[in-house]
Amino acid sequence: MARNVLNNSMGRGILLVAFALGAIGSIAGLMTSERFWFSFLQNSLFVLTLALGAVLFVAFKSVSNAGWATALRRVPEAMMGYVPIGGILLLLVFFGRYQLYPWTNPVPSAHEAGLQLGFKHAWLSTPFFFGRMIVFLAVWSGLIYLMRRASFQQDSDGDVVHTKRRKAYSAIFIVVFGVTFSLASFDWIMSIEPMFYSTIFGFYTISGTLTSSAAAITILVIFLKKRGFLPAVGEKHMHALGQIVMGFATFWAYMWISQYLLIYYANLPEETIYYYRRTSSSGWMAVFILNLFLNWVIPFVMLLPRQVKMNAKWMVAACTIVLAGHWLDLYAMIFPAFFGSPIIGFVDVALTIGFVALFLLVFIKCIGCEELIPRNDPYLEESVEHEDLELVYQLRTETAGDI
Amino acid sequence: MSPNAASKAGVAEGQVVRLSKAGVSIEIPVLIQPGQSDDCVAVALGYGRTKAGRVASGVGANAYPFVEFVDGTFRYEAEDVSIEPTSTFVELAKTQVHQSAEGRPLIMEYSLAEFVSGHLHEESEKQVDLWKPHDFPEHKWGMVVDLNACVGCNACVLSCQAENNIPVVGKDEVRRRREMHWMRIDRYYDEKPDGVTTRFQPMTCAQCDNASCETVCPVLATVHSSEGLNMQVYNRCVGTRYCANNCPFKVRRFNWFLYPHEDAVANLALNPDVTVRTRGVMEKCTFCVQRIEEGKIHARNEGRPIKDGEIKTACQQSCPANAITFGDLKDPESSVSKLRHTKRNYVLLEELNLRQGLTYLGKVRNDGETVGGEPKNGSSL
Amino acid sequence: MAAVFRDIETVREEEIRLQSEIDRITAHPVYSPLREPLIDESKACSDVTNDISGLLERPASKGWWILFGLSFSLLIAGIVAAINTVYFGIGTWGLNKTVGWAFGITNFVFWIGIGHAGTFISAILYLFGQKWRTSINRSAEAMTLIAVMCAGIFPILHMGRPWLFYWIMPYPNTRGSLWVNFRSPLLWDFFAISTYFTISLVFWYLGLVPDLATARDRATNKARKIFYTVLSLGWNGSNRTWSRYETVYGVLAALATPLVLSVHSIVSFDFATSLVPGWHSTIFPPYFVAGAVFSGFAMVTTLLIPVRKVMHLEGYITVQHLDNMCKITLLTGSIVGLSYLTELFIGFYSGNPNEIFVILNRMGGPYAWAYWIMFSCNAFIPQLFWFKAFRTRIPLILSLCILVNVGMWFERFVIIVTSLHRDYLPSSWAIFIPTLTDVGLLVGSFGLFFTAFLIFLRLFPVISMNEVKGVLHYARD
Amino acid sequence: MRATEPSEKTVRYAAAFFDNEHDLMAIAAEARLRGFEIQDVFTPYPIHGMDRAVGLKRSRLGWIAFVAGALGLISAILLQVWTSAYDWPLNVGGKPFNSFPLFVPVMFELTVLFSGLISIGVLFMMNRLWIMSKKKIFEGVTDDRFILVLKQEDASFDTEKAARLFKKYNAIKVMEGDKFV
Amino acid sequence: MSLTTLKILMILITIIGAFLVWQSRTFRIYGDQLGYEPIQPINFSHKLHAGDNQISCLFCHSSADKSKVAGVPPASTCMNCHSQVLPDSPEIQKITAAIAENRPIEWVKVNDLPDLVAFNHSRHVTSGISCQTCHGPVETMERLSQQNAFTMGDCVSCHRTHREVTLDEAGKPQIAREQTAQKLMASTDCSVCHH
């Protein structure tokens, strides 16, 4: 019962063209641009983190018994579907490892002589690195599969046990994700500059992930609501989503200032070099400041008034800014290691369009396959407004009545 | 007593042993000293006095009975002395309890061949700050200690103590690791296949430009002067000890108790140019800022620039080997500037980017090589 | 006639419209059937008043006096130690030139950490709409205030010249206005802790005002009447007041949430900004916050288990409440565990010999015992809360929470002492041995904590009556 | 300021006591829709949706808190930058005089402090909550009584209609009074 | 609170405030010795000597331009003149007696700085700062009194306003300029006074 949430075939066509553009751009970039693999890593992480953040969103909702988000839960659940595909794409960086990761060079320069020290040398070895990567992605995909299955089965049989199972899977996912994503962010991003280390790096990346995926969820919810899907989503949900985006953006700012302030303060060369590369040239300095503004200052100030959170247009604007901020954040984490000034070329644009299009295509596919409202979820009534209660009761299957 | 001798005699550090020879015997605790000959026990003379006033009466044991007058001369060696461990232990008051450098590159040493070849250590990388460093308009005081010249005699430590009114805190406080010397000589024993190498390094406040102690003081009691000095203002200090924690060289000293006493006669011995510190405040080497100020005033009153070498710190003045050089780094002609540009110059813990005013000239060792000289292994302490 | 009918018709339509409008306005929220009642279902509003206000009106029990006597004697020990410190100097502590901070700052960070649970419960759980907070927030907030007071004593006492502590405040002065160093984490501490204390105090007091009014209206004794009349500020339960009150409560919750994060982050900056290996670690801010909430929740649980037993509050603080608190302890404990692992991992990953040395020294150096107490109590013990049996059996909860508290004290001890005692230059390595004064101050801070908490139990309603009444209607729907 | 608060006037009132929030909410909504002027309602705990029932607008205290916070932030920036970089700049550990990132903690703390204290101060002032307050306190309102107070100022107040309404929602007690402070 | 209470409170606050302002010199910070005017063992008049008779300060306080301390003149300095001038005055007799008994005259120190401050007279005198800048109009005082609170702020504000470093083309500070007495290089480094 696949449903086309775009309501017409135009949209899908545009997305396909965009994806094709991205693919062509990639091939062109691969042949011409030294920036290709950096851009590839950045953009594939950009969309992958949106999907992973959606998993965390659902997992947090499950473990905290938060009823309010039940009506829109299918949106992050559909976003989760991108993780296996995005994971496979990410693994392609194997072919770009020599450009991306200096530690893959068999003969390290004098500067990187420190890598010869035991543990780091063993940890950053190509087979172990990509082996880990495969394991992480596989474990995440497996848990996502279980969470999604438990969710969809409830639609048909209405059994409460699925809620409990989801809760268990979510708890496991949060723990597993906490450990693996920290390591993954050290691996995938931090090891681009192998001499730099910062213990907060994992938490920092997670905070950016949470913020941007909450923004993406908001945008997609508004989009679907506009098209008449998600009838039970109301002002209450918009307000809550606005608060979440604002809260996570502030959490990101907290992580950002924690890392920057401590490195600025202690002034240890191993660490300062990271920010030196990001602030010493005027171009990167602009990116550095813009990053803070896009990720926190602008969305925070914009979303402060209550009315804005319930206004679809403003919310979309604020969330788009957050997404742009997350993109820029990853850009500023990945590129300055090797590029003296920030340039955004054809490759970057093509890859961004391509990846976003792919993400949306997968999302549309996923969301079209299932019910848009988890009709038998025992928390559904809590989620909707008084006016929508009748609607919810109509959706319920008979078996779901008695719990 | 050497470690081998101690294990042979079955004694541990701090254990009191009875040394006896033909009717004379003394009881003194053991101090294990690597590098000491295995068959020899050294006892310091001059202790165990009975009429030496409050400070020295009854301290230690008198070893003079072992000295014999033979052939018209005093013989300070005694043979056939028996060592008999007792069950008493005392905690020795030592200013340094860990004797190994743990393999850390704190004291640079080069072989003669390396020195001759001129390739000593890696040129340090240019280190970056996230801000523009402050400039020093007039002077920038600096010190270079030549580890090659230093013989570890502790004259600098004592002259510093005298110059800067540093209290003598006594055995108990030293046991609690609270000695107050602003300057100290770090001494490391490193076991090597061919014996023990003793290395020492005079250590005092390095007057870092990026001083980690300064930024953490909540009350601005320690800030940087326009002449590159790390100033400590005793009367502003409230004694959080945060600076001492954050000092990688651990050169800051804290007045745990009210050490100076109201003693009208003893206080006449104090240097009037240096404030006597009360309890609860931090203190540390100032590069003898009272002498710098005096020198500056002297020169300015006469309307002339300060001459290189005109201002001498107390430690520099008393160093018998001229190991310590002090001067203005702003002046490219000063001897300290010149030494800074020699190959042997290195910065301790350079990886912390502290930009110290105190640097060292690495030691050139000539042992195990055929190029003349005799192998060194003993300690001069 | 027709007009009359039309009027009746209009009136009826009007009535129907009116009724539906009233229904719309008065619709109350629906709760999922999975939600269990928070409070004993048999309780009505007046029961809440009688149960909780009644506690204050009866004379103190014998048990209370015994506990008070015990805590007060601990407090006396602490006062003696404090006098000793101020009179003779910091030399009475076991510190030395290498280890400049030990017990004093450990206690400070420990108590500040304990002080995080209260505001976490009242602010963060409020924002997340967690209604179960209502039974525990009052005592948790009181605990916060008391813990912050206990903590605040140590930074002052640990100064060499505590009588000059006011120098860390920026005020114009006769020294050519020598200000303070706004770059110093200790100064941030001053701002953070005083702000935290102030905001927690007004937050706690704001929540207390309606309950004080209840106590006022029930008071028969003249002294009590005056006491509660003055404190309750003429509260009369007007909706206009409630409406603004709720707005301000929300604002304070929204402010207190980042404040909770900031306070322990700033405390962590004391260490993380420095360049002492083992102190300088960028993960410290979130890690300290998680640790603070972790220890705070363990302490709240430790306090509430006897309180609910002795004061017969099982109907209000149910096993479900304890279960929830255990879950938060588990979550924050896992974050702490993750941070330990991250520190270990990055320590080795960094390849920095000093970092690696610190880790090895913690695991196998002279204070290894403290490290392993810390690691087992904070990283392993809370993992037992995965099992429902450990979250619902009260003796188990109590013992695990006490262990967590022990572990968290040792965490701060390990961070402070093991990092300092062996840092860059081996020549300065030293060992810290606590003195009787150190122990006296530690014990005394516990004495102050329990004494003040026991006094709180006698003076103020231990459970927020107005908020509990607000969640009772679950039971009645 | 004292005169502007409506509850401050001397008015004749009718008060009805209820024993649960649902009746109170419903009668408040109905009374308002039927044209009664509601003086205020009194409850032992805050009731979600009561503002909507009695037709009270959202409080603007949130904005006051925001402005107060901004004030705190600005004063923190001015205090720190002025004292550290202008009034008496000192070289502290080589860091710039204006080490802005390091001023963030105090900026945050003062923002929160100002915002919290000022908004709570304004709350106490607006509601005239203070030590010497002499407000009318209905019996049982701090225990388990829910009270609706209607104004009967003008002639349009229909006593009978009000009595019917009170009865419909099972009022426990009805009382009238002259003065309302 | 009634309006009356409020009024009373306001009036009280005003009165107390006014009193504090009026009596502000009564409430001084610890160590503020401004106006200290002790009775000296000899009734020496600076007004007579430095004012009416125009004797230069450095005539008696002869080390002020050479040393850290300005110095109290020895009794023999007095006798340079007073062996001829008014030798029989009872005050001068006290000096004569002190010289005869070989004991110093126990002057009471008026302008005193705490030991934690190092002040060098010669530096200030040499750079042309008049004695009156710190000591006030000594030449008008019958009995010497402290005319400056000598707080750190007093020193610092002067050091700051006279902080002019002149650099030559090469960027080196021009030390010679100091002697014009207008351009001082007054440092505000803590260690200039505190060491």
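By letter and in written order, the chains are A, B, C, D and E; residue numbering begins at 1 in each of them.
Methods note: a contact is a pair of C-beta atoms (placed from the backbone, for glycine too) under 8 Å apart; a residue touches a chain by one contact, two chains touch by 3 or more.
Because the structure is predicted, anything quoted here is derived from the model rather than measured.
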Most distant chain from chain B by Cα centroid
D
Top-ranked pair of chains - ranking by C-beta pairs in contact:
C-D
Average the CA atoms of each chain to get its centre, and name the chain whose centre is farthest from that of chain A.
E
By CA centroids, point me to the most central chain in this structure.
C
Take the average of all CA coordinates in chain C, do the same for chain E, and state the distance between these two points in whole angstrom.
56
Find the geometric centre of each of chain A and chain E from their Cα atoms only, then give the gap between the two centres in Å, rounded to an integer.
71
How many Å are there between the centre of chain B and the centre of chain E, using C-alpha atoms for each centre?
42
Multi-partner residues in chain A (2 or more other chains touched) are 261, 263-268, 270
Which positions in chain C are in touch with at least two other chains?
27, 29, 176-181, 183, 185, 187, 258, 269, 273-275
Flagged in chain D as touching 2+ other chains are 62, 88, 92-95, 99, 102, 105, 130, 132
So, in the complex, the side of chain C touching chain A is made of residues 24, 27, 29-35, 128-130, 183, 258, 261, 265, 269, 272-275, 280-286, 334-335, 338-339, 341-343, 345-346, 348-352
Which part of chain B faces chain C closely enough to touch in the complex?
96-98, 100-102, 104, 106, 173, 176-179, 184, 186-188, 203, 212, 215-220, 236-242, 244-246, 248-250, 252-258, 278-282, 349, 352
Note: in the complex, chain B contacts chain D through residues 129, 131-134, 208-215, 217, 220, 223-226, 355
In their shared complex, at which residues does chain E touch chain C?
29, 149, 151-157, 160
Residues of chain B touching chain A in their complex?
122, 125, 127-130, 210, 212, 215, 351-353
